[in-house]
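As written, the chains take the letters A, B and C, and residue 1 is the first residue of each chain.
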Amino acid sequence: MLYATFIIILGDNAVSTPSIQNTGTEFSPTLETIRFAMAGTVATITLNRPQRLNAAPPQMFAEILQVLNALPGLGARALLMTGEGRAFCSGADLQANAAANASADAGASASAGSNVGVGAGVVAASTAGAAPPDMSRGERSYKVLTESYGPTLLALSKLSIPVVTAVNGAAAGIGCSLALAGDFTLAGKSAYFLQAFVNIGLVPDGGSSWMLARLVGKARATEMMMLGERISADKAEQWGLIYRAVDDADLQTQAMALAQRLANGPTVALGLMRQGLAGALEQSYAQALQTEAKHQSIAANSADAREGGQAFLQRRKPVFVGK
Amino acid sequence: MLYATFIIILGDNAVSTPSIQNTGTEFSPTLETIRFAMAGTVATITLNRPQRLNAAPPQMFAEILQVLNALPGLGARALLMTGEGRAFCSGADLQANAAANASADAGASASAGSNVGVGAGVVAASTAGAAPPDMSRGERSYKVLTESYGPTLLALSKLSIPVVTAVNGAAAGIGCSLALAGDFTLAGKSAYFLQAFVNIGLVPDGGSSWMLARLVGKARATEMMMLGERISADKAEQWGLIYRAVDDADLQTQAMALAQRLANGPTVALGLMRQGLAGALEQSYAQALQTEAKHQSIAANSADAREGGQAFLQRRKPVFVGK
Amino acid sequence: MLYATFIIILGDNAVSTPSIQNTGTEFSPTLETIRFAMAGTVATITLNRPQRLNAAPPQMFAEILQVLNALPGLGARALLMTGEGRAFCSGADLQANAAANASADAGASASAGSNVGVGAGVVAASTAGAAPPDMSRGERSYKVLTESYGPTLLALSKLSIPVVTAVNGAAAGIGCSLALAGDFTLAGKSAYFLQAFVNIGLVPDGGSSWMLARLVGKARATEMMMLGERISADKAEQWGLIYRAVDDADLQTQAMALAQRLANGPTVALGLMRQGLAGALEQSYAQALQTEAKHQSIAANSADAREGGQAFLQRRKPVFVGK
């Protein structure tokens, strides 16, 4: 309902509230900005606004959230996110929803869409240009961040299955945040990560201020945030910002292979690992030891742990069913 | 008493409660799974179940705790931990205590001991197979983690003297946690670090979910936890997971030299550093500044600080006595 | 008043309380241990006790604080800190204020000043030797850390403009803390970072116990703290401890260029980034998302964000005015 509400408020091109039809393995929502597919137990979300370098209007994050909420019912055991075309996600796109105040506030809506291919490269659009027209840019930013982008990223962090992102090009602004919000980030060699906010007078959002420091430490997080320069895939791997930089041609194959491997893993344990690591980042050592014991007591009772132990004793590869 | 209790419950091969005899420099406990020695002011614990690649039953961690508690009385100023044979510690070994429920639950007790030398390599045993038989695997895991493994690791984190681990081979499962729980981890070039839990359907324990992220950041911690692959000593050094990878032949010499150096250091200050760093990981900058001031007020009043200042002015090497 | 008080107590060479004359762009305090200059909107603090390798008495930190407090009124949009001569800062210098108790406590006041050029290298002086004479060394340490060094470092962390440090030589003891307390640390290739405290029986102060772990992780922080060895500029860059190691000859030019670039940036956003990153290090992901939204609502309403959006749409470089 929350999302229906803001889509109605914000959306010029969000003509209808996407319907959720989640019955067993059936899931046929009306998705306009992303594609969704299941291949076995691997769910794939493809950001699908290639003509705008997958710049993300609030609608895109709402549609992602819609899919995330449906994943458990679909039997998904891993999620792969990637972008259509030559970018992963070039940032927030608030121009899509800014028709109502376009004349009064045209320049304020910095959209990557209108600057595709500019020599200086993709600059992330900001979250600072959304409707309604009687709001200040600041009020609009706050609204879309707390009602759209933020809840989707939070849901992604709480998802009970592993998340792989395949970064096939620019990951800028909130697109950078999204690219780093999963468990494994693979990037094509030509891809890059860009905290573009500073270049248009804004601050990092999408959780970057929290995430970057926990990935690469305070100095490199600061460098990314304050300088707004591209970090190449290779440097990102070297820094530990991402899991791997791979040849562009191999990106989708390798990312899908990793997602399938994770989907064939012990899903209960993997879900608890996500939860455990997220918790441990905010806990003391003593608390983490306690949480681990609780999580182990759940994992150890899972069918997959029984299979894992048996396979180990029998010197064979385990077959995990995700339970 | 706590440990006596659970050893009686769990132990088939723990025939007696080890007696603590700590009078001055006398300390002659009955140790069955580890060896303990003092060389000057360096205490050494050697995990000593080489036939099982030093897989750790709860008894092993109880014996370690027993030693840790005795160290202050023994005048130890540094602790060195290493493994006998060709592994550091291949994980938890609950089979040792699982005789009572072996027939009913045989496959569930994944012990490295029974798989020594398997081609796929050492897979960490889990904490999920311990007795008593009327408990679920989950209940047993929770019990041994909260009553045995966890308290020992917590005591290690609170120890008032520096801890060096010399990783002479596989450090898997809770063996990996133990290898990383000190201040300095040295590893032989052929050693490796393995968060093996996922391979048998379990979650990392022994504090790994907390420790890994603080050593190598979120992405690499996730990689280790979710993929369960070996991290070589060289990669571990490159990542900052450990202090140094050294030639296998030099490992024990170099680790002992480092332990001796630390033992010859200003013990009061070193103990406060351990406490300060642990605290700082959970504090704000302002709180850490305050804690540092308190700690400095203690360190500055120590005899070693006086000696340090005098030696500095006299352009000579200080001789610290640990007070 | 706080500082006036302790300068009177501590200061032999602090003959007068420096007067603050901050009217518009006029700022002519009496500075004895540092120099201060404005070049456009870049403020520069130069530690200026080269004959003592810029060893820092409490007075130096009091004078830095005095400048920090004046910066907003001076229209500064970036701060550059560096050292005069061949060191950045060789540590605390409490000898300068220790005349009163020199005879009773001579050796206890380990000052770099009296050991300039010693072969073993600069050893950071401690904060453990300050007056008044009826205090124990510990009490004195606590006093100067909580009343002088700490408040200045805390003010630096809360400053609303970016901070660049140009480390032109040894950064030892609290000089190391100071070198790492900004947003960007540039170091000449011959410079080094040294947590020298352990070498004289003391514990790291100046926030190092908190900062190091957030820059380079727990193992490398421990190495620096407990071993007290020099970390070269190159290694510091490789570890992510600092932003860049550059040729000695280029250091000041490059540091000033970076400071000017930051001074020409969107000052409101940059100030919020500093605050946001500091906060995020102590917050949960959910809290950070909320803080980011609040900060974005402020940044988005700034004149610089409007300019940034317009420049982006017009495919030109933005001209930020800092508002």
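Keep in mind that, in the parts below, contacts are C-beta pairs under 8 Å (C-beta built on N, C-alpha and C of every residue); 3 or more make two chains touch, one makes a residue touch a chain.
Since we're looking at a predicted model, the values are computed, not measured.
Hey, how far apart are subunit B and subunit C in touch steps, shortest way?
So the least number of steps between the two chains is 1.
Indicate whether more than half of the residue numbers at the subunit A-subunit C interface occur in both copies; give same if so and different if not.
different
In angstrom, rounded to a whole number, how far apart do the mean CA points of subunit A and subunit C lie?
Roughly 37 Å separates the two chain centres.
Find every residue in subunit A that makes contact with two or more other chains and list them.
Each of 211, 216-217, 281 in subunit A touches at least two other chains.
Could you list, by residue number, the parts of subunit C that touch subunit A in their complex?
162, 183-185, 211, 214-217, 240-243, 262, 265-266, 268-270, 272-273, 276-277, 279-281, 283-286, 288-302, 304-315, 318, 320
Which residues of subunit C touch subunit B in their complex?
106-110, 114-115, 118, 120, 123, 126-129, 136-142, 145-146, 150, 153-154, 157, 197-211, 213, 216-223, 225-226, 239, 278, 281-282
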